[in-house]
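One chain, chain A, links the two complexes that follow: it is found with chain B in the first and with chain C in the second.
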Partner chain A sequence: MNTKKLSRALFLAVCVACVAGSVQAAKTDVTIGMQLEPPNLDPTGGAAAAIDEVVYANIFEGLTRFGSDGSVLPALAKSWSISEDGMTYTFELNSGVTFHDGSAMDADDVKFSLDRAMAEDSTNAQKQLFANIESVENVDGSVVIKLKTADGNLLFNLAWGDAVVVASETVETLATNPVGTGPFKFKNWVQGDQIVIEKNADYWGEPAKLDKATFKFISEPTAAFAAMMAGDLDAFPVFPAPENLAQFEADPRFSVILGSTEGETILSTNNKQAPLDNVLVRQAIAHAIDRSAIIDGAMFGYGTPIGTHFAPHNPAYVDLTGQSEYDPEKSKALLKEAGLADGFTTTLKLPPPAYARRGGEIIASQLRAVGINVEVSNLEWAQWLEQVFKGKDFGLTIVSHTEPMDIGIYANPEYYFQYDNAEFQALIESFNAETDAMKRTEILQQAQGIISDDYVNGYLFQLAKTGVASSKLKGLWENSPTQANDLTGVFWED
Partner chain B sequence: MLRYLFKRSLILLATLFVASLVVFITIEVVPGDPASYMLGLNAQEDTVAALRAELGLDKSKPARYISWVSGLLTGDFGTSYTYRTPVADMVRDRMWVSLPLAIFALLLSTIIAFPAGVYAASHRGGITDTIVMAFTQLGVAIPNFWFAMLLVLLFAIKLSWFSAGGFPGWDAGFFQALKSLTLPAIALALPQASILTRVMRSSLLDVLNEDFMRTARAKGLTRRKALWKHALRNAMIPVLTIIGLQFSFLLAGAIIIENVFYLPGLGRLIFQSIASRDLIVVESVVMLLVMAVVLVTFAVDLAYAWVDPRLRGTR
Partner chain C sequence: MKLRSLLPGVFLVLIFFSAALLSYIWTPFDVTLIDIKSRFQAPDTTHWLGTDHYGRDMLSMLMVGARTSIAVAIVAVGIGMLFGVPLGLAAAANRGRFLDEAIMRGNDLVFAFPALLIAIMITAVYGPGAVNAIIAIGIFNIPVFARLSRGAALSLWKRDFILAARAAGKNTTRISFEHILPNITNLLIVQGTIQFSLGILAEAGLSFVGLGAQPPIPSWGRMLADSQTLIMLEPRLALLPGLAILLTVLGLNLLGDGLRDWLDPRLRRER
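And now, the complex of A and B:
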């Protein structure tokens, strides 16, 4: 490039900057940064959190939905009634709802969507959400869902992004051209770079305040930092570099948004591998771990200690961190009691996220301090899934379980950490059948106690949601009850 | 000449065939299943099986190899597992970023390296030579991602002349697109220019010591004339080799720079696809790059012949 061209380009850049500056007053669009690009835009056909982060509540809606505090709210269903025996749910739908292609949304579309998710050849990543549904019928325009057994989780399950309502006509092309009922319509996707959505003028409910939103994908933490600082982005709701948050905090142009997520970060333990199958050994590990050192060292102080597999912001949470407080002496004594006074060797297999890689180093040294020799290896996600999750070939691993209310995974003895306790399994069964809110809470608290007493896994901390946004941008979700960027209520303050 | 071309084409085809086998086998033996990656932790066994069937992953490996290669022959690169779009379309979009970026960086590095190398060689031992050599030493030593971050800090954050990254697409206007490639191209060009300068200088110095240079001077040419007329052309062979290698490298090897500037280029596509075990994308893109490298090598061979008539004779 010769200097003449360069100066021309620079001149042009200055002009663009001037124009951009003069129209800034009436800003109705937003540019949101995300670390991972969604592989496709069909929330009913993949597990990637990035899909929901773009489409949930913006493009697609289900019968119910999550609010920012994790509560279950009506969405396409205006109201519902539950039969005496808890086996039949009848949903009244909102009227005048249309898909973005103009066709009307009715009970048949709901039936189609749920039938598709439950079908034999379904590729829905959360098929278990629908396992208890016997049938879905359109009765005079209402949706009637019959269950196999009474199930208090149905309204919650239907709020997931995997349970959204889609139209049979557009289902083949959802992956690249999502057509939903939400307040935003899909506009275009430059793969590898950005996705643009725009306001749906025909939205049935409260319309969006923004005219346009752009999601930009920046995987490198330093690049994310630079893009925020240079003003290329208006917000980065899940900011990948906690070490830079203090700098944003000090800058009046930005506000740091701290909230909770559903991510229980745990030191998953192979309950079937010797010597980890011995509860004394697992207890020894629990007491060898200094949670605050991990939160400070790996997460720069962001995160809430947990003592069981449950989110601290949930009203049913019981603080059991005292059962596994940091006490290396006790840990050594427990190892001695288990007949392992000289310690032992095990593996620690770490997936790519920073919480695992940084946390893993700290845990490895804490375990070495009590005589447990840990062989650390770093894995890619695909390798992790193959070796650890499917192959169960691991001693220890660190992973954040981000699905909401997922304590039920401990009732599945086949699940990768292989916890097999009949008492716990019966408890979860009774929880699923229970519809009384008080009793449900009681059961959940009991369940938290059992897995904590059994030291099934090392319970580390609840992942914090650490976001950065322009200080004039209001209405972003603080918490993350599900991985989503609901832009419905987002607006610019003058 | 025709026979030579025919023979070369056969070798080219054989190379590509062997390459396709190697690419397919190495990528297929990597552990990890695309379907379970896509469906995540809660997926049920039958869901994963259903997706594997939908993606054609339940077929045997030889059957998949044959359908992949026969697809390649008809210009069908397959459909990405995760993106669910044709690989050819994805590659074309990414190519429009990677190719201009590679050319841009190569132009920059050549524009810097030629005068610097020639000047340093013709003023060997002088102060300018020392300075140029010191700078090239620095250019090779500085990691380009770090240099890229410095550029971002200065030009994007401090001065706000450029955005910190991203690519608006060529639809946004030629200069707009070129502008977004400027910082990445500079970051890529710096180490390349340094290497090229050093090669240019040493190659030129070698030639300057040749007998025919003395003859040229003896017949009355000035230093400068001898340099331009005789030395430069002879010094070009190693330089062209390096440029050819650099171009192949820049095309696919800009992964780190593409990450720093979050450009949707080929390198990042391969990187993402390996992580998500989108095997068909990795296989097809790597195969395309093999083809590109083979063709660039061929072009460099032709360029040799152009600068060196002796090579032309052996054809």
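And now, the complex of A and C:
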């Protein structure tokens, strides 16, 4: 009799648990943690990565887009054809696409967006993406892009968040009220706290599985950890403290998402400042650096060593780490050869991320061991941009270059590390003109070799994407081919 | 009975002062040497207090950290006394006149800002670093000493021996330094000890937010800041510098109380 009662009670308990379970499974919103708040929400007018992390693929779309593996996929353009000479691209647009304000998206909007991005007075942060476009025309509803020279990069360039399609009517207010064509529309923004986006019921393509998504901004790593643990956040796709990941891994409520990013983390070197303008000195620095100690010490083992400015997961990558292996004795010999047997003093200016601050302390200690005395100073991002990036007032700095395929920055002698090599510049020019995939790979590999031979910067490691999410949340991007939190495919598993 | 707080105070302060002094000539390990392979080691016979997240010896870090804290606080209190005391004496000598008002209202102005906020402001403008931290903490010490010495000096100015000195033809400056100052020294020493402990706290606070001594110079505040995300992994990294700050400040406060009791003539008579 007693057992009967017990089994009945158990049955009831199971029922209650089932109901509770199904209530949980019905969750259709998600709260995503981000470290930095975007300064505005217009991806065509600002450089901050945080803008794209909110709006890319969610609110705004371009002709093409990046897939989670970095491939270029069709987006607003259904298909395209390329003329024989590689100078003219014709894009067929998807039909029935509307902006969130209800107006239709057509070839004129595409023309407007691209013309605006490449205009003289454009404030687009990646203007060089459009530099090779001669004209954009609406020909019977399709978009025809004519190029100045044949260019194999066009489809890739158009996938960037800076190349999204916007409407001429709403362009003035994009910064605070973004209106795009994506599967989510902007709902509200509480400055300093959160941005909410909700499902676009009239989306032209496959609709989003979530009804609502909230981006919450938590800059403090300790607070981020606490918010995840307390269940206030469902995911933190770029978690700022790698030392806490082991704890998340041990907790069945969470899954740790490890992937690759496009972030080459480098010891940027001012190539115009003595004695760093001497290649022997730069080589000495390269041999004084122990990459594995930096990856372990600063990133708790998350990161892949690199020997040049190129992402290791890219098929065109060449492993050149052997050219700058850790060898303090060789480093000292090189310094002696450069006439600096007693070492020298330089500055190391560090932006806020942990990879820079921690990596900086470790590198400073490693350089001190070979006689290079570095004065470390910690800067906030605004100061770093002002002093280092714009002012070029630095000896060394550590920063992660997160733009995809950005080896081209070495062809710009005005860029903050001021590498000026005519051979390299000619090579990148020939790369841009090349459309043959095999030859493009070859050129890229050659380019990687040149900057490694010149020891332009100290090449440290490829930043790993270390994210944390609730173990029931599926469909988040594993890798970071571009900085984005694409929520189109995200859903809750039962 | 009066020595109840003096002795433990002296004891604690001596420990940290001697650790700081010793660190100038010897530390168990080099604190600028990073050795990732031996990080997070538990305390043992080689590393008495274990190693931190860079494999540096915690005991050595704490010793050099004590040096940083104490050096910053001493110089800052020194600045406060050097400027504050003469200002206070001048105000008392000119009591009720314009100079008095000017000095004291200027003091009120500095006092109106929270001390740490001034420090953050100064380091934000002139850049982070130990020297700017010293100046910042020193500036907020000035009004403390100015007020204290003015108040104490005012009551002395009414005393007969000062009248006698005046009758003997001494001018106010000489009276201030030859008769007033020696008679308020006890007060200044006690207040100095208390300001010293506040200075250590302020230095730790500034280093915690990254505005104090810059790496690789160890500082207790930055050790605490660095250990924030590691607290679950290795609580020792936060506990040790936290305890160091706590014990030093406690020691200085006990010392200050004890000194007050010991130096105060009224209390001394009861003994």
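Everything that follows uses one rule, which is that the second predicted complex is superposed on the first by the 471 of 494 C-alpha atoms of A that agree within 3 Å, B and C clash if a C-alpha of one lies under 4 Å from a C-alpha of the other, contacts with A are read in each partner's own complex, and residues count from 1 in each chain.
We take it that contacts are C-beta pairs under 8 Å (C-beta built on N, C-alpha and C of every residue); 3 or more make two chains touch, one makes a residue touch a chain.
What you see is a predicted model, and the numbers here were worked out from it, not measured in a lab.
Per the definitions stated earlier, placing chain B and chain C onto a shared chain A by superposition produces no clash, and the two fit side by side.
When the shared chain is aligned, chain C comes close enough to touch A:293, but chain B does not.
Touch criterion not met for A:426: it reaches neither chain B nor chain C.
Contacts of A:222 after superposition: both chain B and chain C are touched. Residue by residue along chain A, chain B and chain C are tallied for touches, and B comes out ahead. Of the two partner chains, neither chain B nor chain C is touched by A:274.
Of the two partner chains placed around the shared chain by superposition, neither chain B nor chain C is touched by A:341. With both structures placed on the common chain, the touch criterion links A:47 to chain B but leaves chain C unconnected.
The least CA distance from chain B to chain C in the superposed model is 7 Å. Touched by chain B in one complex and by chain C in the other are residues 222 of chain A.
Note for the complex: chain B touches chain A at residues 31-34, 36-44, 46-47, 50-51, 53-54, 82-85, 90, 93-94, 104, 107-108, 149, 152-153, 156-157, 160-167, 169, 175-176, 178-179, 182, 259-265, 268-269, 272, 275-278.
Residues 221-222, 225, 241, 243-244, 246-247, 293, 296-297, 360-362, 364-366, 368-369, 376-378 of chain A are the ones that touch chain C when the two sit in their complex.
Those residues of chain A whose C-beta lies close enough to touch chain B in the complex are 1, 6, 8-10, 12-13, 16-17, 37, 39-40, 46-48, 120-128, 175-176, 190-194, 216-220, 222-223, 226-227, 229-232, 380-383, 385-387, 389-390, 401, 403. Against chain A, in their complex, chain C makes its touches with residues 32-34, 36-37, 39, 53-55, 127-128, 210, 214-216, 228-233.
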